[in-house]
Each structure stands twice: as C-alpha cells, then as structure tokens.
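Two complexes are shown next, each including chain A; its partner changes from chain B in the first to chain C in the second.
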Partner chain A sequence: MVTILFDGIAYGMLLFVLAAGLSVTLGLMNFVNLAHGAFAMAGGYAALVVVNRLGVPFGLGLVAAFLFSAALGALLERTLYVHVYAKSHLDQVLFTIGLVFMSVAIVDYTMGSSQQFIAIPPVLQGQITVLGIGMSKYRLMIIVICGVLTALLQLGLTRTRFGSRLRAAVDDQRVARGLGINVGAVFALTFALGSGLAGLGGALGAEILGLDPIFPLKYMIYFLIVVTVGGTSSITGPFLASLLLGIGDVAGKYYVPQLGAFVIYTIMIVVLIWRPQGLFVRKGAR
Partner chain B sequence: MRVKVLTPLAVALGLMAAGPASAQGVVKIGVIEAMTGQQQSTGVQTLAAMRLYMQQHGDTVAGKKIELIVKDDGAVADNAKRLAQELIVRDKVNVLVGFAVTPTALAVAPLATEAKIPTIVANAGTSIITERSPYLLRTSFTLPQSSVIIGEWAAKNGIKKVVTIVSDYAPGADSEKTFTEAFTKGGGQVVEALKVPLAAPDFAPFLQRARDASPDAVFVFVPSGQGATFVKQFIERGLDKAGIRIIGPGDVTDDDLLNGMGDQVIGTVTAHMYSADHPSELNKKYVEAFKKANNGLRPNFMSVGGYDAMHLIYEALKKTNGDTNGDKLMAAMKGMAWESPRGPISIDPETRDIVQNIYIRKVEKKNGELYNVEFATFEAVKDPGKAKK
Partner chain C sequence: MRGPDVSTSAKLASAISAQFTARARWSPLEVLFWLAALATIWLAPDHHLILTEIVIWALLALSLDLILGYAGIISLGHAAFFGIGAYTAGLLAKHALVSEPVLALLVSGAAGAAFGFLTSFLVLRGTDLTRLMVTLGVALLVREIANRAAWLTGGADGLQGIGMEPVLGLFRFDLYGHTAYAYSLVVLFVLFVIARRIVGSPFGLSLQAIKGNPLRASAVGIGQTWRLVGIYTLAAAYAGVAGGLLTQTTAFTSLESLSFDRSADALLVLIIGGTGHLYGGLIGAVVFRFAQDWISAATPQYWQFWIGLFLVLIVLVGRDRIGSWVAPVRRLADRVSDWRAWRRPPAVEPTAPGEGGRP
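Showing the complex of A and B:
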C-alpha cells in the first residue's frame, strides 16, 4: 500500500517536472506548445550521449540535459516561436505539431529508433527499506530532485523580482512594457527554463518512461492532461494534479489491472466535469 | 473502398495472364518490413539476413535472377496493405516476404489470396495468421509454440505458482492463453494474469502486484524492445531477491538487445526457436558471416526468419525449374524440410506453418558477453494453436 503510494508520488513528480514548462507557456504565456515533449526528449538524448558515450557521471548528465534543452528552447524561441506568439491557437498547434514530427524524424535518423537506456550508477539501483517499506532508490531520488525543484519554482515565481515581472508581463503585456519591463526577454528566459525542466524530466524519466524517438507523441497527451486538470494559472495547480494523476495511475494499475491505463483518463473526465477550468483557477484569470 | 481496391488488382492479374513475358528471367521478391519506427530492429535484422543469404548463395537460381524490392511499412497495417498492392500491381512481384508485426501480415492476407502470390511471414507470431490465406506460409515461429513448451517445462521443474504479465494485444493474449493451458495441465497454478498496456510501459504497478502475490516465477511476454525495461524494473523492485524467476517466450531476452540489459538478466529461462549461441556448425558460420556483413551486429530470432524465407524461395524455384506460377511455388514450398541456423525445420504441408525445435535456454555469460544458452530441446514442435483443432 505505502509502496504503491510511493511509486505514485514518484511518477507524479516526474510528470510535474516534465509538464511544468508546458503549464507556464500555455497558462502564463497563452501559447499552445505541443512540441514540449520534444524538448524533454532532447534532454533525454543529451544525457544519453554524455553519460553513455563520453562517460560523464550521471548527475552531471542531468545538468547537461537541463542546459541542452534550455539552450535549444532559447534558440528556437528567439528564431521560430517568437513569430507565432501573436497568431491564432490553430496556427500555433499546427506549427508545434510540425516541430514534433521533425524532431521524431531527426532523432530516428541520428540515434536509431530502438529504446535507449542511460547507464545508471550502481548506487541508484535496487531498493532500500525504510520502516519496512521497500523503496526504489532511483524513484526516491526523483522525488527529492523534483520536490526541491518545485519549491524553487514556487519561490521563484512568487518571491523574486523576475517572478513578479513575469506575472506582470502575463497579466498585461502593454502595461508591463510601459513600466519598462523587457517582455520579450522575460518570455524567452521563461521558455528556456520550461524547456530545460522538460529536458531534465526526460533524462530522469528515461529509466521509467523509456526513451525513443516517438517519446514526444507518446507522452504529449499526459502533459496536456496534467495542465488541463491542474488549471493553468499557477504552479501549485499542475503540481497537485500531477500527484493526483501519478498516484491514481499507479494505484489504478495495481488494484484494477483490467482497467489499466484508463484510470488516468477517468480522473481527468471527472475533474473536468466538476471543474471545467481545472482544479485551481485564479479568480479573474483570463 | 473494397471495390476500388479489387479493380486494379483484377486488371493487373489479367495483364499478367496475357503477357507473362514481362517477368522472364527475373524473380521479383517484394519485401514489406518495418525499417523505421519501434519495430525497426526487426526489419533491419530480417533484411540483413536475406541479403546475407543472397550473398552466400548467389543471386541466380534456376536460371533466374533474384531481385529484392524493399518497402518500409513502419509496422503499420494500412501501409503494409498499400505497399503490397503497389508491389503486386506495379512491380509485379512473384513472392512477398516480411511482416514485422501481426496486423501487417493480416492486412496483406486477402491480397495474397486474390493475386495468388506466395507470401512468407518472416517475423509475426500470432497463430491465426496462416489460416487467413492459402497463400501464406511462415518461417518465423508462433507464440503458442514457445509458450506451451515453457509452460510444460515450468510445471515439471518445480515452479508451482506463476503470475503472467503480457502486453495487451493479440500475440500477448495468444501466449498468455497457451501458456496457462499447458502450465495448469502440468499441475501448476496461475495466481494472477496481468495485461500491460502496449503503449506506456511503466511496469512498476504490475510488478508490485506480481511481487505481492509471491509466485515462484513471473511469465512475461512483451514486444522485444520492451524486454530490457521489464527486466530492469523487475530487478529494481527486488523481485529477484524475493526469489521470483522470470520465464517466458524468448522475446524478452532478444539477442539483439541482450548485452545492453546488464548482468541482472543472468539466469532468466526462456523457450524459443533460435539463439545466436545455438551450438551447430551452420549457426556458427551464420553468426560469423552476419556479424561481418553488419558491423558486428548479432543476429537475433527475427533474422533467421528472413534467412529461411530466402532458402524456401530458392529451393522452391529449383523445384519448379524457375517457374514462378504462384500455385506451383506453393506446392513446392509445402512440406519442404531443411537445416536452418536454428536447427532442423520444415513447413507443415497442411497448415503451411513452421515446424521446428523449441529450446529451453538460460541467460549466461560467455567470453564476456551475454547469451541464451540452450540446455533442453523439444523436437519438431508444431503450432499448438492449430494442433488442437
């Protein structure tokens, strides 16, 4: 029972790190970025290359994944995304889904299409038992890393100058500009940060979710579920939604294996009927 | 839609009947394989083996030049059907080979019947495939073949309680059903039957459930690419330390991926028809030549399906003296028996399915590499999926 809860939390945390960037772009910047998973995949493969081929320690591999995806995100944001911010949602969807297919083809061509595994140090393999509860070391590490990240994100968004600039830029771009905030730079930095987080999630998740060229398509639906269920106006919403979905998914597969993968969708439908705007909505939000 | 599909075919067949001269001197083999996508390794292995066979045996048989026309279906049924139409109508192929997954083989079956083209399934393993057309043959394996054998073996070797974990699609259902029958008949008990969604393979909750049922072994069938993930999570969750063993058909310990799985897989017992470690002279040569031609890639069980498909075509052409008439080729292929790198095999003249030895193997380390080492043999196993009828 507790082990299931533990696995569910680990899975949920992972989903959150993967989807956090999407909730920022979609919720705060009002931009539909279906290519979010591609950044996660980029991070996964970056970690794979530096850890498996160059022999860099796993921890540094995670950092590399973050930096690579963040740089990629910043580059694409400045060169491509910036042109579609003002376009309609349909244009954004078509543009980003095109990016997804391109990323799938590029990775397929360069890295091959079979499943890849990042070599994990022996320290992180196996289980440890605390108070009679068996916990996977790797999943424990995921919980710790993701927990710290969540706290940092929340603090960063509510307590720092950058956070308040971002919120201002989102609430009313024109006024923010008038006040001397460089909205373009704020958005670019935010986008890079979100992509970097996705990349980190992709690298962390390779062990659990697998890593292959169709990753962005396979998990796109999960990211979108997290964001829709959580609502798009804060960090806490998607965070709690991720936990709910992670635990629900794992527990569902454990207790009612016949229904297997449907549980996560059932949760989404119920939540959306109950609260169509998502679990957590700020009053007066767009 | 159906009418549209049939018309060009009928026209083409008429043309073929009118002017067989177009095919003179050349035998065209249409290869429909998954060269991209998740089943890529299957396509790559199969095609490499087919090319190897041609390299070893020359590209001329009974005075005819053999020509391969390779099409990539990405393991998608719709593509396979479209490509088969193209190959039959436009390229006028004489034989079709390939089919990485069951749905692609099923999609092409009606076309094979209509065009009377011998169609050799080199990979897909669901039992029913060869029943869908009198022009289908198989050189791969059926999942019931290995599942029944591992079931019988497990029941006789001290395994009493088993949890089954299979991917939720046709071959998974096939292997679960036939394993359970054989195993319970032998006195074993399946305490839990779990089906894992094919798309999102986080096995954690299923493995936890399996562990809590504390069986002697877990029977597992997942598509070969997912085997490594399964074994990793199995170990991570400590099922091995709880004294639970992994058994199953050999897809889990695919030769192609085995070395990447790490030492934890040592001791896994599977039943299958081919191991790169098969101790025969022919196989040693096969493995050596295959590696040499493909940058050190180790041939897996999918590759021998392609290799033997080529052998079947070559020998059938010799029998018909180069006549490519579909019915004559079929007649020549039925009942043919030969030695493959996997051991002695034959084509059952009634079901057109493969009859072959199934070996029980255990993963061991040899010369620093992991291999499925065979230690018991069940000879000339027919497809149990059909034997029952």
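Showing the complex of A and C:
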C-alpha cells in the first residue's frame, strides 16, 4: 500500500517535470503543442547516447539531456513555432502532429525501433529501507530531483524578474511589449526551459516509462491530462494533478490491471465534463 | 402598424428558393467527376484494391468535413466512429447476425451515429482545446475497450474469420476486389448526394453561420445545440459506414481502425483537398493514397516522416494558399454553369436590385 503510494508519487513527480513546459505553452500561451513529448524523447535519447556509448557518468547524462532538449526547443521555437503562434488551433494541431510524426520516424531511423534503457550506476540500484518501508533508490532520487525542480520553478515564477516578465507577457502581450519587455525572447527562453525540463524528465523516466520511438504518441495524452486537470492559474495545479494522475495510474494498474489505461482516460473525461469552460480560460489572459 | 408587404415577401421567398435551386444544380464538372469515377470500374480493373481504399478514405474525410468544414468542430478522434463501424460490420458478419452486407452497413452507420449522438454532448461543451482533448480521449478510450475486450474483438490480433455474403444476395465479393470497388463507389455516391443536399439546405447554411460566428448566429435566432448534435451524429454515421466498408471489403478489422494515426491521417486527407467543400475529402483521398503508395514504395519504413514534413510545410506555407488551387476550378465550374443558365431562360425572375421599398 505504502509502496504503491511511493511509486505513485515518484511517477507523478516525473510527469510533472515532463509536463511543466507544456502547462506554460498550452496553458498560459494558449498554444496547442502536441509535440511536447518529442522533446522529452530527444532528452532521453541524448542521455542514452552519452551515458551508454560515451561512458559519461549518469548525472552528467541528465545535464546533457536537459541542455540538448533546451537547445532543440530554442532552435525550433525561433525557426518554426514562432510562425504558428498566431494561427488557428487547427493549424497548431496539424503542425505539431507533423512534428511528432517526423520525430518518430527520425528516431526510428537513427536509433532503431526497440525499447532501450539507460545504464544506471550501481549506487542507484536496489532498495533502501526507511522506517520499515522498502523504497527503490532510483525512485527516491526522482522524488528528490523533481521536488527540488518544482520548488525552483515555483520560486522562479513568483519571485524573480523573469517570472514576472513571463506572467506579464502572457497576460497581455501588447502592454508587456509597450513596457519594454522583449516578449519574443521571454517566450523563446520559456519554451527552451520547458523543453529542457521535458528532456530531463525523459532521461530520468527512461527507466520507468521506457524509451522507444513512439514515446511522444504514447505519453501525449498524459501530458495533456496534467495540463487539463491541473488548470493553468499557477504551478500548484498541474503539480497536484500530476501527483493525482501518478498515484491513480499506479494504483489502477496494481489493483485493477484488467482495466488498463481506462482509469485515467475516464478521470480526464469526467473532469472535462465537470469543468468544461473554466479549464483553459484564465482570467486576465488573452 | 402594418404587416409586412405580402408581395415583397413573396418575391423574396421565390428569390430565395431560386437561390437554393441554383445551388443545388449539378455543374458539368461535377458530372464529369462522377462519370470518371464510374469509368474506373471498367477502365482500371487492375487497381480496384487501391481504389477501394481511396473510396473509404474519401468517405471518412467527407464525414470529417461535415463537422470540421461546415460546423467548425475540430476532432482528433474521428477514428472512434470509424472503428466502431468497422467492428460492428465485422461482428455482424462473423456471427451471421446480419449477413446481407448493405443491411449490415446500415447497422454499422447506425452504431456510429448512436455513439456520435452520445458523445456529441461532451464535444459541444467548451472551446477548441477542450474539444480536441475530449475527442482524443474518447477515441483512446474506445481503442482501449476494444483492446481489452479480446473475447469480443480479438484484441491486438484483430477480428478474424469474417466471411462475407454476396451484396444484395447477388454480387459475390471476389479476390480482385471488383465487386468491392463497385459496391464502395455506389455507397460513396449515395452518401455524397445526401451530404450535398444537407449541406445546401437551410440547415447546412445555418451550420456555416454558426461556424462563422457563434455569437451572431445565436443573435439572429440560430440555436446551436441541436444543430451541432445533428451534424455530429450524421458525421459519426458516415464514419461508421466508412469503417463498415473497410471491414466488408477486406474481411478483416483490427485495432488500427481505431488508432490515433487514422484520425490524424483523416485530417491530413481532408486538409490536402481543402475543408469546407465536399469534394475536398474526395480529391484529398486520391492524392493521399497515391502519394502514400509512391513514397512507401521508395522508402517503405519511413512514410510517416514524409507525412509529418508535409503537415509542417502545409501549415507554414498556409492552408489558404494551398487550398486556393481549388478556387480557379470552382470559378471555372461556376462559369460553365452560368453559361448554361444563360442559354436557357431562367426559371424564376431574379430579383432586380433596388427592390424592397426604395423609391
């Protein structure tokens, strides 16, 4: 029971780090980015290459995953995404589905279609027992890393100058521009940060979620659920939603395995029926 | 207070009905299109298998066009209805519940419609984003059900052992797909004619008003709920029939018919041909299937990459500009029908400008 809770929390925190970037682009900037998972996958494979093939330590592999996905995010944002911000939702959907399909084919071509695992150092393998509860070291590490990142994100958004610029740019682009805020740069940086976090999540989660070319399609719905259920007014909403989803999914798979992914889809649809209008509407945002 | 001028309103009514008659007239290009399609039954007997696939894609895209192009509802889960139709047709044939294909096809359509009706209430609520997520979620849910209910659907192996009875008890399905193609084409034509009538009717026009501006549409007294429910249900029925056709012509169905890829590809087919005119899906299906055939012959495994690239380019270049190749063709069609109308005296006197109370 406690183990399930523990696994669920680890899973949920992982989902939060994966989806945090999406909650900004989809939730705050109102851009339908179905390709978010592609950045997570890019990070996962970047870590895979540097750790497994080049023999770089695991920790540095995570950093590499973050940097690679962030750079990729910044590049694509400046070259492609920037043209699509102002287009209709249908265009955004088509565009990002296109990116997903391309990423799937590219990874399939370069890395092969089978599921792969990043080599974990022996220190992180096995379990430790705290207060009589056996906990996987790896999952404990995930909780610690993701917890720290969440705290940093929360502080960054509410306490720093960049955070207030971002909130201003999202609330009213024109006024923000008038006040001398470089909205394009703020969005690009945010996008890069979100992609980087996704990449880090992809690398961290390779052990739990698996890593194969259809990763972006497989987990697209999870990211969307986090953003939908969590709402967009603060970072706390998506965080709680991730935990709920993580625990719900793990518990569902443990107790009623025959239902499979049923539980979470149903949760999502129920929430959408329950709060259809308020989900993506944020007071003050355009 | 005087009532409305009777003569003016009568004239207006006749002018409106003349408009509708003009809209409903088949232009020579349309006739030519369908004659060409009909001719392929005899002219291209070696390609009937791929042509049947094209017809099914066309029907699915037509169905998506009804909600996207005419009512402005974005759906990422149209495969749900397609798959439900496919499995319905498969189960009916497998267990010999309804062994006559045309009848079974109607039941497939009805199954799609029933599910569409039920889910339409979810889709009605909320914005584009919510609709995207709900349609996507519903489709994933249906796929998961089909995957889990292996005792009924065969699960990941697909539904096997489907034997098809002859169409109408007369035409036996053959190995080369001749019967299948003729059968599919007739179904497509019938459904197309029905869709054409619906789209040109006052109901169809009111849908376009809702798509254009929901707020103004309600302001002039066009209620949205039941119109959107209606068109969504109709589109679901069409998708169900398309799915049923796939099962009947291939004697097999699998989870692929419910997959996200199918929803996305249907969207792509429609976008290639252009939304908001019924021929979009049909033309898109022809282009899509032949392109797929050609590319996958060149690079079998990475066909998906090229779809992706195509989608990205289509958005970056602008859908309007890509769709605009249709405009000259339409203008030509209009001119041809104008020319025909000019040769015959018009049946109804067109309203002269300046009528309606000006001195």
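Observations
Going forward, the second predicted complex is superposed on the first by the 276 of 286 C-alpha atoms of A that agree within 3 Å, B and C clash if a C-alpha of one lies under 4 Å from a C-alpha of the other, contacts with A are read in each partner's own complex, and residues count from 1 in each chain.
The definition used in the following text is that contacts are C-beta pairs under 8 Å (C-beta built on N, C-alpha and C of every residue); 3 or more make two chains touch, one makes a residue touch a chain.
For clarity, every value in this text was computed on a predicted model and none was experimentally measured.
In the superposed pair of complexes, A:Phe187 makes contact with neither chain B nor chain C.
By the touch criterion stated above, A:Val250 is placed in contact with chain B alone, chain C being left untouched. Applying the stated contact rule after C-alpha superposition, one finds that A:Gln125 touches chain B and leaves chain C untouched.
In the overlay built on the shared chain, the residue A:Phe239 is in contact with neither chain B nor chain C. In the superposition on chain A, contact of A:Leu217 is made with chain C only, not with chain B. Among chain B and chain C, the chain that touches a larger number of residues in chain A is C.
With both structures placed on the common chain, the touch criterion links A:His83 to chain C but leaves chain B unconnected. Looking at the shared chain after the overlay, A:Asp108 reaches both chain B and chain C. Within the superposed three-chain model, A:Phe16 lies out of touch with both chain B and chain C [touch as defined at top]. When the two complexes are overlaid on their common chain A, residue A:Ala261 makes contact with chain B and with chain C alike.
Chain A residues 108, 258, 260-261 lie at the interface with chain B in one structure and with chain C in the other. Taken together, the chain C residues at the contact with chain A in this complex read 68, 74, 76, 122, 125-130, 132-134, 136-138, 140-141, 144-145, 147-148, 260, 264, 267-268, 271, 301-302, 304-305, 307-312, 314-316, 319. Within the complex formed with chain A, the residues of chain B that make contact are 36-38, 40-41, 168, 194-197, 199-202, 204-206, 208-209, 225-226, 228-229, 232-233, 235-238, 257, 260.
Here chain A touches chain C in the complex through residues 26, 30, 32, 80, 83-84, 87, 89-95, 97-106, 108-109, 217, 221, 224, 228, 258-262, 265-266, 268-269, 272-273, 276-277, 279-281, going by the rule given at the top. Contact residues on chain A toward chain B in their complex (touch as defined above): 3-4, 7, 11, 108, 112-115, 117, 125-127, 134, 136, 138, 207-210, 212, 214, 218, 249-254, 257-258, 260-261.
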